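Some structures to go through are shown next.
One chain, subunit A, links the two complexes that follow: it is found with subunit B in the first and with subunit C in the second.
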Partner chain A sequence: MMRLPPFRFHAPETLEEAAAILADKGSDAMILAGGTDLLPNMKRGQHTPKHLLTLRRISSLRDVRNGSGLSIGAGLTLTQLLSNQTIRKDYTALWQAAKVVATPQLRNMATLGGNICLDTRCNFYDQSKEWRKAINYCLKKDGDTCWVATSSKTCLAVSSTDTAPALVALGARIRLVSSAGERVIRLEDFYNNDGLDYLNRRADEILSEVILEPVSGWKSTYWKLRRRGSFDFPVLAVAVAVKFTDDGTVEDARIVLGAVASMPMLSTDAAEFLIGKKIDDEVIRETGRIAAKIARPVNNTDLDPPWRKKVIPEFIRYALREVRGDDISSLRQRVAHQSRS
Partner chain B sequence: MNTHVIELIVNGDLREVAVRPNLTLLQLLRDHLRLTGTKHGCGTGDCGACTVLLDGRPVNSCLTLAVEARNRTITTIEGISTSGTTLHPVQQAFVEKGAVQCGYCTPGMIMSSVHLLRTNPDPTESEIRHAIGGNICRCTGYTKIIEAIETAARAKKGSGQ
Partner chain C sequence: MSSANGFSIVGKRRVRVDALSKITGQTQFADDIALPRMLFCKLLRSSLPHAEIESIDVSAARDYPGVQLILTGQDFPVEYGILPVSQDERPLCRDKVRFVGDPVAAVIAGDEQTADEALGLIEVHYRPLPTIATVQEALKPTEAPLQEYAEEGNIHRRLAYSFGDVDEALENADYVFDDTFFYEGNTHLAMEQHAAVAAADPDGRVTLWSSTQCPHYVHRALAKALEMPAAHIRVIACPNGGGFGGKTDPFNHEIVVARASMMLGRPVKICLTREEVFYCHRGRHPVSMRLRTGVTRDGKLTGMHLQTLLDGGAYGSYGIASTFYTVALAPTTYHLPRYSFQAGRVFTNKPPCGPKRGHGTPQPRFGQEIQLDKIAEKLEMDPAQFRLGIVEKPDRLTANYLKIGTIGLAECIERVVDKSGWKSKHRKLPAGKGVGIACGAYMSGAGTAIYWNKMPHSGVQIKLDRSGAVTVYCGTAEVGQGSDDVLVGLVAEVLGLEPIDIKCVTGDTDLTPVDLGSYSSRVTLMMGNAAIQAAERARALIAEALAERLETPVDHLEFAEGRVFNVADPTGGMSFREAVICAEEKHGTLVSVGSYTPPHKAGKYPGAGVGPSPTYSYSAAVVEVEVDSATGFIEISRVTIAHDVGRSLNPVLVEGQVIGGVYMGIGEALMEEHTTRRLAPKLSDALLHRNPSMLDYKSLTMHDMPEVQVEIVEHPDPNGPFGAKEAGQGPLLPIMPAIANAVYDAVGVRIDELPITPDKVLKALKLKAGGREARIGPKSFPQIDWPEPVFVLPPWEGGDGTASNKPERKRAAKMHAMDKVITP
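And now, the complex of A and B:
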């Protein structure tokens, strides 16, 4: 049985108090939200923080505020997020993404902030300490070789968060709070394409809220490929948000791929191609081809890379057909239960 | 020593316990409170054998710190029958329908089902499948489990519970 290593536990009541503890402990401390990513990782010896700081007692982190757009507290659980009707109606891609994260039990515990900060994943890393020891560990933790690409100087572990691609497509910004002050950045700028150093977050910073713009004219959708239909991390995610003019011309677009790199990948080329056009079948075909170019699936997740690569443009096309207004619910149903050995 | 004294309500009883921060709720229930109905399967959130209700919602107790249960309410498989002598309708249906083989997944499976029927007394088969999506059974193939939950839903409706 895997046990948790020892640590000291802090349960601050306010964000200021939490920031002060982090400022004091620095990288010896880690934040505990739902714990559904961090605690398995700690049991596997991937993280051994001396201090854990829970956010659960800070109720302001669960606020959802309607203004010109929407502000969602980072401590909101995914179950709470799913019961919010504004999110369901206006920020469809986010709602759909949250809905397919993990299991009902885990969604009762898991938070939005934790999902955004989710550790990157790899078949050579998400293993027990003994398993990893047997391969002499790897670059991401305790070793010096990447077993996915032995010549690689960087870790290629995969960004596997469902909500982040959706949020990047929706143009989300996040607020990071520390004792030294706070900053608001675009979510895509929070990530690095490096499986080891995947977040642009200082050790003393707390992600406090996600800020979404008003959605008038925008339509969004989220598509996920996973091995098991019941629950599984994505091996491909496609999030698309498109703003249409009254006559159906694309005014703005954001196409994001998840689980194909160490961060959610925004295809600016595909967006540029789409803008000013009407979404006909030929445009859909070509956009799928262009957007898929930013993906480099490697052999460290479920399902073999050549097949995953082949289905990327198809998934992008499904998403585009859906935002165009095609009824492809039966296809969505089929993909949701997709499995392939 | 780095221990925390906490109060929590377990199956209706107020308990006071001293816990180390790295003790999971599952370890607290099984090893300290001797409530061994809740099972340890994977320890990593994958199997659902450790499912208990925390403030009425199913969670994986293997990934919940005991200290995080401070001042909260926990219901385990030992606490769902109100009388203590008769089985809960979901338990009864699991027995009748043969939804139990080795039994290892059963307590967790029943906790997820109890929560489903409390929030959705008349679920469709698809809703049942989703509700137990986080509970893995390696024996039954799920068919009997789904039948049992459907039976329990009908029984509860019939009895007006």
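And now, the complex of A and C:
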């Protein structure tokens, strides 16, 4: 059996208490939410925190509050999130994304906050310490070379969260709490396109909640490309949110690609192209082409990179067809191995 | 009372005898064993793919608190290996490491964590050696071969045989089809990771509990590697959480914990991590293939020349047998008047390959069944009808002297054609949807043991006493396939009891008679025949006593429903328990034995021992797919499969095995790849497993399974227990080619290599759209200097099974004439 390295365990009851511990321990501490990402990584020696701080006992982190939009506690498990009918109805992309994270058992443990903060992934990094020793480690952990692209100065590990692309498309903001105060930022600003330093999170900050705007006029969808319908990280995520006027013209749009870089990639070019147009087949075709330009799939995930590049525009088009209102559920089942709801 | 088939237990849908303990979590697997004062072992594995070990410094690890013992290669002077001709493994490497994952040292400590931490303190100094990653590299001449005993350079072994003049057969054919294929390697992925516990007793004996499919072979290997009498070693095969061939070799960790427990006088346990299981491997060989097949205009085969080349990884394992199996069974399905083959295996610096479900036969079957699909198209024949026209006849010898018994292949084809709606679907479904058909055959046990001997392959012992209790003993290993249920069911059938009345003790070398193990689909047939013989002998003992007591002729006695009675007076007689008392009074303590030895092989040529089986099982499958033309994704909509199991002893188990085979076959067809990775050569010599985890090594989950319709076909074979054949391996075989053929029917592209991934489909579709040959697959077969073939005349050309020449094996002889033909 693979064993966890030793650590000191902290189980604060309140957010303030948690923030105080973090302020004290700094980067020696890591936050444990559902543990589905962190604990396997610790067993593989990817992280060896001296202190582990669980958020499990802080019940306020599981609150969902209706206001002008919706506030979702970062500690809500994905299973709990999926049972929320407001999310299911109004924030379709998020619900669809949460539904295809890992497996039911993992979703029972995994939290929304944990999925947003998911460590970036790479075939050269998500391996045991012994395996990584055999390649003399890599840029992301204990080594000097990025084996994906040996000339690369930055780590190319892949952002593999399902919920983040959906949330960025939905214009979500997040609240970060520390003992020094709190800040609310747009989710896209939470990320860097650097597999090593992928989060703009200070070591003393806790992601406490996700804040969603009201949805009037918006429709959204999430498409995930992966090998198996049962259990896989995305090798491509497409999240599309479109606001329509009454006559079906695009008033606003946000198109986000996941798992094609070290952060969720927002295609402002595609959105600009789409705004003011009606979504006809030609517009869909062209939007797919434009949005796909921001993707740089490299050879560190499952499946063949040139193939992944080839299907990116197709998946963007599927998502656009779906927000337009086409019923392509059988296609969704066949290529994305998932039902619509 | 007897049912319609004349049996009371056989053929009945029954809950298997070990079901409840398994589903309630009470089955004790090897890792569940906890003994007082038990210690834990971890292995340090090589981080280099190929290197000489210059020194190992264990001093810091030895001083680490909690560490009890460190072992290195110096502690194991004797080599071992599953085949007598490939004794090339050591429990811990002494001079050289040959792949990333080869074990070099062991730490035994009070707990696993401590042992693991101490591993990090061992310093090994290596001198790196050049690495061999591919078959092409392995074929190049070398001064420093990976294994000294290889035939030439890194070529482990080459075989060449010709059963009749195949050149002539191809010349006389109306068409010759020449196709090349590649089948990627894959692994077993049994749910249970290998585990073992060893406990020395104070008298110097040792007991090993292990997740092994072959306790008898582990027993032999331990005796050799530990240099002690086998009689002082006890091996107990715990129920396995799946094996599929991955637990048929004796393993280094088993020998290490046995020695450690003897040195320390305390029990020692090891449970491998999933990653280590990938390094144990012994899985499906990657195989390159070329098939040249002659066919007449009216759809008869005239002859076939098959070439295979196996990437063996770093050690021998079962490799020579695997190599033979890639060629030996090809003629069992369809009548081949003449047949020749050339087969080779090379060593590479990768985890060793070995036997996986279907052992060596799925690869050529994949090639042959796709080629048949191409032939049928060329001849404008329905592929099912074409196959029906060439199916081998029962009770015949094949060109290579395999004795076919009953053969239900035609009925299998007819059943899947009927149940799948084949006739309304093939070449008739809308674009993107398609159906494919393919067939297969498999042995019901190998006719020869791993080591040459004249003793039985399986022994069964039955103990009865005045309590009425019946206990059956056999050396088989229950690996999840249901062998305990087969054993109990057969004895219950003969003695007229219910399965609940019978206990079984299996896989314990101290208590049970030898059975060679759960491999090569041999258990139902061999153990089954031995069990029937033992049970019939026990019944005879009881009947003899009863006949006297009841003053009835012996042959008037019936054993049924837990009673023994005169058939003329079913209400008379007595309970089984009373009958056993009667017999114990007459005979004294009661015991009976049965044993099974397979029939003699028909071939007398050197190498004829690989392939013969008491009987062969047959399968046919129709797979229906939907292919997405934008992504190349393949969705399996439905699988219809028929399997000739001879006689279905427990249909629930047969269906379970068939569906399990389908499941594994779909994984091999669509995604499984046991491959290695090399890094940028200027910066690194690393060569290691690409994805040794259950997340990244892609395999189907239950959730990804399509609907499977199972048709059980029964052509009872006189050599099988009540006619039964195997079901554990054969049903896998048709799945991969049926999927490839279905993809062709759906979108018109040929994917002649496995796995059939979406990128390959998309590439082929692009070729098709560009008007080019819509095929993905190897362009040629590697050039090899083959030895002169062993020449044997087929039975129908006056042959008697002997070779008419004695070619030298070691020296690379001149190229076989057929290789002068330029590869397409």
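Convention: the second predicted complex is superposed on the first by the 336 of 341 C-alpha atoms of A that agree within 3 Å, B and C clash if a C-alpha of one lies under 4 Å from a C-alpha of the other, contacts with A are read in each partner's own complex, and residues count from 1 in each chain.
As a convention for this text, a residue touches a chain if its C-beta (ideal position, glycine included) is under 8 Å from a C-beta of that chain, and two chains touch if they have at least 3 such contacts.
Note that the structure is a prediction, hence the values are computed from the model and not measured.
Q: For A:136, decide between first (touching subunit B), second (touching subunit C), both and neither.
A: Touch partner of A:136: subunit C, not subunit B.
Q: Check whether A:209 is in contact with subunit B, with subunit C, with both or with neither, and answer first, second, both or neither.
A: In the superposed model, A:209 contacts neither subunit B nor subunit C.
Q: Considering only the touch criterion stated at the top, classify A:1 as touching first (subunit B), second (subunit C), both, or neither.
A: After superposing on A, A:1 lies in contact with both subunit B and subunit C.
Q: Touch check for A:90: first (subunit B), second (subunit C), both, or neither?
A: Neither partner.
Q: Tell me which partner A:227 touches in the superposition: subunit B (first), subunit C (second), both or neither.
A: So A:227 only meets subunit C here.
Q: Quick one: is A:162 in contact with subunit B, with subunit C, with both, or with neither? Answer first, second, both or neither.
A: neither
Q: Now for A:304: first (subunit B), second (subunit C), both, or neither, which partner does it touch?
A: second
Q: Please identify the positions on subunit A that touch both subunit B and subunit C, taking each partner from its own complex.
A: In subunit A, positions 1-3, 230-231 sit in both the subunit B and subunit C interfaces.
Q: What does subunit A use to touch subunit C in their complex?
A: Against subunit C, the touching part of subunit A is residues 1-3, 123, 126-128, 130-131, 133-136, 145, 147, 150, 225, 227-232, 302-304, 306-307, 310-311, 314, 331, 334-335, 337.
Q: Quick check: in the complex, which residue numbers of subunit A touch subunit B?
A: On the subunit A side, the touching residues are 1-9, 11, 32, 35-36, 39-40, 43-44, 52, 54, 56, 79, 102-106, 108-109, 230-231.
Q: Where on subunit B does subunit A make contact in their complex?
A: 2, 4, 20-24, 40, 43-45, 48, 51, 54, 57-60, 63-65, 67-68, 112, 129-131, 133-134
Q: So in the complex, the part of subunit C that touches subunit A is made up of which residues?
A: 45, 47-48, 100, 112-113, 116, 271, 273, 275, 626, 628, 630-633, 635, 671, 679-680, 683-684, 686, 688-693, 695-696, 698, 700-704, 757-759, 762
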